[in-house]
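The structure under discussion is supplied below as structure tokens; questions concerning it will follow.
A, B, C and D label the chains in the order they appear, each numbered from 1.
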């Protein structure tokens, strides 16, 4: 008797092949891989910083310190989660949860290779933008509920910064979208099979890169946690695992930003010799390396200059770029 | 820069708040406490609160002999300990009328200038770190490390040298020190390009520093500002030139000045002074005279009755030792004129109207050491 | 060897100081021996006039300090100049312990903190000072550490013991 | 200079020079990324101390007597600014110089100024090269340097 002919098994197969299953399995994989990935990135960051600064970085735990961040994570897990007395307890508790969730969701539409995609959502790009905006709210919540002036200044800066930089970010993305006529990330990558969009849209690529750096609060735009002024910014009062959730979110957002840049401008999985997955990861990690490299090179920008830069440089340039793209597309 | 006077006074009470920068804060160079009144991110008032690292050096001096006070001056300004030590020895020598051998003077100048470079490295690079650039700071430490190694080779210590003695110095310089200093001069000259291009030309750095915290000549006079902070405002006052002491009149060097008076100017003055210090060291090594390194001085000096004021230039400005002696082996009163003390309070004048981030920048560019203020 | 010996400016400063405060006792001092060129000796008052005159001549206030002689203080003001003809003027004000000298804070802003330091260590209360409170010692301290009566220190009672 | 076109040129020039400076900065740090590290991995690698290095003080063993020359004059104890030296000696026979038996130094309070070494009339003091001085208790920092000399034999 053929077991596949059993009626209920058919349903099971249908269920296993459905989007829901793919989503659950994908999210589980993400949930497993993202923290490990972050641990790896933190190590890379410390190694890059170390070697730029002529020192070896972490060296003690494991060969060349490769287990350092895992040990740190264990340490953070074991730490007491202090809630200061004068905080707004509920918001203080919720903020680190809300910061992590959207970071995980951002992985759903990202095409790591033609097959490796949880769901090619037809509004994929918009989905990522929408969810990444939520992290601002959680930063504001963290800063507000901490009842600490440094945190509050950091949170307020964060909101202004994110509002300002979403505009050039979206405008730069728009230049790509009007070329591809789709929000689906898989199709955007397909469109770059011959020529990467970075060659068509170099200005948009630069603007997108700068704006994502600012969106993810990385140096030189890390005013939110500017440690020389604000001690530690919005997460000054957070300890233990709550603190590491903010950390997790920061690095995950960085990965998503780099992956988006890869999808939009660097041709996603396209590349010779290696399978698509490898190419995608190479491109993504290279971009992350560039972000880290920049962090250990530049001083921090001042708040008013940050705003001036967004409104006076990035937005005009991205608008002009969009206009030119539209005209060229229309004429051709 | 916003003018705080234009802010509407009626609403201000609800908007202003005070922020305690320090005493535990990443960029207040030790235990310094700035009480900042803010409106949003705009600074309305800055009040430095000092005294956290007061150790009572001046009272200590009244309880010990002149020799026993020797380790103390280096602990006031720990970054230019050699210069303070040199200055204290000079003050006592002036009081006692001790003639120092020329070789000892040359060695003192060499070590003091090396120490000045080390201190300026901290000053300039710490300013860069206050702006968020951490890498140049650590490179500066790397270069400074060579100076510390050199000084350790002859003094045996890395920070609080206690190297000078009345009438000379403790040890003669060695061949390794001589060659090592030569090598270091060449090495450092090659490094300035990196610093220039990494920091000084960087657009973010320029934007953060230009027209920030301008000290005019009048304000400088009003607050008694000295040192690189003053020379950034276009006044070429340097005790090494104005009241030449030790072997400085025998050397050919410039006093770098900038007219702007902002943070960038102060940073540039520090970097330019490092090059001048290298010139001085090179000349001193070229013409290092032979001879004894210590004059014949009794074990315990006994100055005559009288008082004297001895000014010298540390890495932060004009320091002065005022010593009153009653003719015994124990000083009656020693007063240290600390340049950081005078320079620090300029903050109250120039900070209002700037942003919070600029307070850190200005504070870093003035380059104070807290133990020297508190003494 | 170039010396920091003033020639003309010393005369000018001396003459104008004599005009402003005729009661002052002016002494030339040997720079090489004691590090300053001109000593202005005052009793109880006159520091404001000296400060005003020095400010007009573009001198900066190097420091304010005091020396305790048990029965009286010497309040010491050191002025120096940024100019090429650098020289130093010391104003030495003899002060009985209960006398409150006038503050010079409106002439030199730096004096606000220098005078606070003098108050903090010697208990000399300056008049019309805007904010005369402890600066380095704890706010609730009830002692003045640099007084000779504080702690175990030797003291000199002879007036010209220290001043040659 | 204030015409719109010149202001626009200025705006563009600033962006261009600014970008160039940023790229140059990246290039400088990239070069350093691949240079040799300069730090010393302390517990595994150690630096050799210079002969001048000032650790705590130590008695010198002289070849003629096979021991130190301390006569327990107490000059070092008197000159010490921190009063951390205590020493004890006795006359071996009448009329001879004293011989130092015990020489305690509280190293935790020593400021390493070197005055004791300078003032020693017998020049029997020197600085040790020891820098790995870790103790469990404050009392362990009180070292008897004569004892150390005996043990080092």
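Simple rule for what comes next: contacts are C-beta pairs under 8 Å (C-beta built on N, C-alpha and C of every residue); 3 or more make two chains touch, one makes a residue touch a chain.
Fair warning: this is a prediction, and the values are worked out from it, not measured in the lab.
Ranking every chain by how far its Cα centroid lies from the centroid of subunit C, the top place goes to A. Of all chains shown, the one whose average CA position lies nearest the global CA mean is B.
Across all inter-chain contacts, the pair with the most C-beta pairs is B-C. One simple way to say how far apart two chains are is to compare their mean CA positions; for subunit C and subunit D this gives 40 Å. Put simply, the C-alpha centre of subunit B and that of subunit C have 24 angstrom between them. Between subunit A and subunit B, the centres computed from C-alpha atoms are 44 Å apart. The distance from the centre of subunit A to the centre of subunit C, each centre being the mean of the chain's C-alpha atoms, comes to 63 Å.
Annotation for subunit B: residues touching 2 or more other chains are 135, 139, 142, 198, 202, 204.
Counting only residues that touch two or more partner chains, subunit C has none. Residue numbers of subunit D whose C-beta contacts span two or more other chains: 22, 25, 28-29, 32, 38. With chains as nodes and touching pairs as edges, the resulting graph is of another kind, matching none of line, ring, star or complete.
Two chains count as a pair here when they touch; such pairs are A-B, A-D, B-C, B-D.
Those residues of subunit D that touch subunit B in the shared complex are 14, 17-19, 21-22, 24-25, 28-29, 32, 38, 50, 52-54, 79-81, 111-115, 118-119, 127. Touching subunit A in their complex are the following residues of subunit D: 15, 22, 25-26, 28-30, 32-39, 41.
Here subunit B touches subunit C in the complex through residues 50-51, 54, 56, 58-59, 62-63, 91, 94, 97, 220-225, 230, 235, 237, 242-244, 249, 304-311, 318, 320, 322, 324-328, 330, 332-333, 335, 337, 341-342, 345, 349, 374-375, going by the rule given at the top. Those residues of subunit A lying in contact with subunit B across their complex are 49, 52-55, 149-150, 153, 219-220, 222-223, 226-229, 231, 296-305.
Subunit B contributes residues 17, 19, 25-27, 41, 128-135, 138-139, 142, 198-199, 202, 204-205, 207-208, 355-358, 360 to its touches with subunit A in the complex.
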